[in-house]
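Multiple structures follow.
Below, chain A partners chain B and then partners chain C, in two separate complexes.
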Partner chain A sequence: MKRSIGVRLWRWSIISAVAIYLLVPLYAMYDFSTKPFGFADQGRTFRAWQMIPTQQDLFPAITRSLITAAIVMAIILFLVVPTAIWVHLKLPALRRPFELLCLLPLAIPAIVIVVGIAPLYRWISINLYESPITLAGVYSMLILPYTYRSLSAALDAVDIHTLAEAATTLGSSIARIIFKIVMPTIKTGIVNGSFIAIALVLGEYTISNILNFKTFQVVIAQIGRSDGNVAVAVSLASLLFVIVLLLIIPTKKRQGSVLDVDAI
Partner chain B sequence: MAYLGVLPFIAFTGLFLLYPTWNVISGAFEDNYGVRSTAMLKEIFNSPIARTAFGNSLELSLKTALVGAVFGALFAWTLATGKPGGSFYKISVALSSALAQFGGVMLVFAFLATFGYNGLVLTLATKYLPNSFLADAGWLYSMNGLAVLYTFFQIPLMVLVFLPTLENLKPQWREASDALGGKAFEYWLRIGIPVLTPSFLGAALLLFVNSFSAYATANILINLGDYLTPLQIAIALTSETGGSNPAEAKTLSFYMVVVVVISMSAYALLRKKVSKWEQQR
Partner chain C sequence: MSSSTYVQLVDIAKYFGKVKALDGLSLDIAEGELVALLGPSGCGKTTALRALAGLQVLDRGSMIVDGKDVTFQKASNRGMGMVFQAYSLFPHMTARENVEYGLTLRVHKTSKDKRKVRSAELLDLVGLSSHANHYPYQLSGGQQQRIALARALAISPKVLLLDEPLSALDAKVRTQLREEIRRIQVELGTTTLFVTHDQEEALGIADRIGVMRNGKLEQIAAPAELYDRPQTAFVAEFVGLTNPISGKVSGGSIEILGGVVKTLPGSITSGTGIALVRPENINVVAAKSGNATVFSRSFLGASCRLSISLANGERITAQISSPDAIDLGAGVNVNLSLLDLPLFVKAAG
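What follows is the complex of A and B.
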């Protein structure tokens, strides 16, 4: 389709306006992180980048965040996905309530969940021990709507009833049907959900800060108080990491539908 | 028997989602000693500090939801009408997914590196535009500064949310409009915009809730407990001087939930009307 000059002008002005707004701060981060210390105006230095490995708290925090992300993914894989399949297969009457429950976190601000869970969290960390499991539990609730969206889109695209019937006829157990037959067919949906989980856990600050849990973001904020250049370098590095991660996801134009508001 | 299969999930969501929600809602009707009372609800409702914070939160959320929705929708349109699956499309979508999660610590650093002291734009501005507001980092810590920061994650979120809707717009409608002699602006005025409006409002609502509940960005940037409701809640919950006041935190949270529920119900009503209208077509 040939576009008129007016439309092309529109397109390019929108693209450049949004691109400038989104890209200038990213470039400024690079600029800032390579500035010489103090107010000297000359030259570039990679001092801040070289100092990243020397940050004491950083690597334990990254490990802690990644462990939390792994627990969140385990919760999705072994709890949310099987339940979604189970409801699809065996309890069609519960599909609507299940959907509502999964979308509920959209209506409840994260800070409200923190307020509600703080007493329980305090009790657990005083009486048992401080573990990332509570945090992972809250996180998995936060991404539940997104997980649900990508899962239900994937489940609707496959005729899992026929698959399940065929498997039952051939003598499969229900666990085998869920984990070995249905789950592989909705792999893309699961993979997408997991990447969102990683992005969310690495970027989350509100809950971990209030619950006093030193995750990646909490430590970046802490570094920022002593050395701004290093904190900016770490932020830029982690952002680039997430973008590369998202670029290599095997998508089939499914990305956007993760969050389809039309169905809310 | 089949119902047993959902038990683990119910128990889990019960512990991490329903229990906290219930805790907040019931806690709003109790004082700090667990005695039923509506004193706190009234006190917060009449407190000028809480009211100002609530007003600030609402203003910020409305502004950034509107600006984010408009620019995000326009950008999504350029993606939807561009080459599908091309590298511009792919990179934009990946960048949007990353930046939509970008709120908080890193966002503040990015903007401090841009407009803050010794930042890129500020350095340039002091050289070439010493009289403009850009030459002083003060504006970053105001309502407008916060709004500029919030818009940074609102636009990408809007792109993600609105892109599928635009991609579902049938090209046949455009062709029919063209074939009947309609001009481009007539197509948008009479077909495109009316069809897209409900989804647009839904997406804008999502953006509204998103910034209404955002805490991290404001907490790091301004660190003033009274400015926005989420900051106030965090202070009430974790006050380090030992003056923590869980009842106040719960009551403020309760009011936040009320706002979200009201806006979501309004949207649900609107959708119902629209779907009726769609059936009658």
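What follows is the complex of A and C.
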């Protein structure tokens, strides 16, 4: 059935409005990063973009932030997700307390968390290891509200109890049920939660700055203080990098529909 | 334990707080037999099935399968095949992968080639060979339950446990799949416990039916015996329809509707009792000056159900095969069609 022109027009109007809302800031960043430094100068210059590779602190900071994000991802996959599944499957009475615990970081301001954990990190820096990578610990806590909500919604959408019981009667162990049955079933929830977590880790500034760790955002802020155009160019480059990353991550879409619905 | 007993549940009990889900249930199932547990919601039938599967820890009693006590054995080691009421196929696996899943696990480990042969065999058995590479979301409800059946059978289970596997399906599919389950069960000779609240399903599929009430077995018998010779009023009233008709009981007989019929064991032995009479056991003959009046009529296809008001004010239901003979509001004579079929009689009031 052909859709009416009105419906198509309405649809394209919404898409266009959203596209403008999202793309205008990106264009503004591009515009600012290619403006000549002197107010009197005219035309465009890519000097700020050319200066990106010369920023000494930038690439080590990116590497550190990416490693931290990878560690946080590993913590999500091997600790947070199995724990959430375990609680849903085996300890339903603990669901509410666990949810409340996971939401706590959202209720506590970042500055309070920093004040609380600063002595701990001082001790870690002196006695164990001084690296921004140790921030993965506190980040894993910060991402809990977002990751847990996403996982919880995915777990509630599927009857994992029946799946788990079916697997058990077939001879499956609990570890196999979690990693081979439930995790693939709630894959979308895990991916969504992980994306939010990575975005938070790569974008976090307050804690790393106060604890004096040079992460990606801290270095961008430092560059911004000395050269605003370069800082905006780096920010735009990182945004484009993430967009490309999201586009190339394979997203296998289920395209089939129910076949033979009339058959038994 | 008789020599043919394969599964034995001995005095099993499970309490959820004050609720007695199972209260001393004992049940024997012979090898290759299909036993249906039938009962109203909350009678404990699913708890019994889950206990046998190992998914429910018991508070009391023991379970023996093939001569081995499995009471404390882990569910993953029991070797029970189970089909659930809810769709339970693993959504990220194809039909074939679902069927093969049990065979990839340590308990039932089978080589890849044998797995392939076995899954092909079972998909063929349930008539879904052509759907081997389909994912669950590409299958209808009936197809999903058939694959779930194939998956449960793939591990050559000691006992096949069916937990209301047809209740989510529509009526036509339910009947077809019910017959298919029976065909496959007979073909493979798998000992099966089938839980249902649908008496038609139980009567149509089982070798024996156990009627449960409040965590206990009220009666277990072959479908025809259960229907014709109930041992308690609950069984008589729960399985099929009955008319409560009062009459005088004496010497193991009751006098109702102008006839004398023997009473079943368990019935009251004297005084006024209420006989539980099946609608099809009531004979209705058109007669202008009859002892009853037809006040409503419903057409059921092959037969017709009449609601009849007796001279003493009692209202009964009769099921007859020729609806054209009786008009609404017409006078009729009512009597029992099978005087040699004993009736269960409960105490009046």
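One rule holds for everything that comes next: the second predicted complex is superposed on the first by the 207 of 264 C-alpha atoms of A that agree within 3 Å, B and C clash if a C-alpha of one lies under 4 Å from a C-alpha of the other, contacts with A are read in each partner's own complex, and residues count from 1 in each chain.
Note that a contact is a pair of C-beta atoms (placed from the backbone, for glycine too) under 8 Å apart; a residue touches a chain by one contact, two chains touch by 3 or more.
No experiment lies behind these values; they were computed from the predicted model shown.
Participant: Which partner does A:V112 contact after superposing on A: first (chain B), second (chain C), both, neither?
Facilitator: first
Participant: Just to be sure I read the superposition right, which of the two partners does A:I15 touch: chain B = first, chain C = second, or both, or neither?
Facilitator: Touch partner of A:I15: chain B, not chain C.
Participant: Quick check for you: in the superposed arrangement, does A:G171 touch first (chain B), second (chain C), both or neither?
Facilitator: A:G171 sits against chain C, while chain B stays out of touch.
Participant: Between chain B and chain C, point out the one touching more chain A residues.
Facilitator: Touching more residues of chain A than the other partner does is B.
Participant: Which partner chains sit in contact with A:L163 here, chain B, chain C, both or neither? Use first/second/both/neither.
Facilitator: Touch partner of A:L163: chain C, not chain B.
Participant: Figure out whether A:P36 sits in contact with chain B (first) or chain C (second), or with both, or with neither.
Facilitator: neither
Participant: Quick one: is A:A28 in contact with chain B, with chain C, with both, or with neither? Answer first, second, both or neither.
Facilitator: first
Participant: Mind sorting out which residues of chain A both chain B and chain C touch, each in its own complex?
Facilitator: 256-262, 264
Participant: What residues of chain B sit close enough to touch chain A in their complex?
Facilitator: Those in contact with chain A are residues 2-3, 5-6, 8-9, 12-13, 15-17, 19-24, 27, 71, 74-75, 77-78, 81-82, 84-85, 90-91, 93-95, 97-99, 101-106, 109-114, 118-121, 123, 151-152, 155-156, 160-161, 163-165, 167, 184, 199, 202-203, 206, 209, 212-213, 215-216, 219-220, 230, 233-234, 237-238, 246, 249-250, 253, 256-257, 260-261, 264.
Participant: Please name which positions on chain C make contact with chain A in the complex.
Facilitator: Residues 53-55, 75-82, 84, 86-88, 90-92, 101-102, 105-108, 131, 134-135, 137-140, 142-143, 146, 148, 151-152, 155, 161, 173, 176-177, 180 of chain C touch chain A in their complex.
Participant: Mind listing the chain A positions that touch chain B in their complex?
Facilitator: Those in contact with chain B are residues 4, 7, 11, 14-15, 17-18, 21-22, 24-29, 31-33, 35, 39, 41, 75, 79-80, 83, 86-87, 90-91, 94, 98, 101, 104-120, 137-138, 140-141, 144, 196, 199-200, 203-206, 209-210, 212, 217, 220-221, 224, 228, 231-232, 235, 238-239, 242-243, 246-247, 253, 255-262, 264.
Participant: Please give the residue numbers of chain A that touch chain C in the complex, ascending.
Facilitator: Residue list for chain A touching chain C: 158-159, 162-163, 165-173, 176, 181, 184-185, 187, 254, 256-264.
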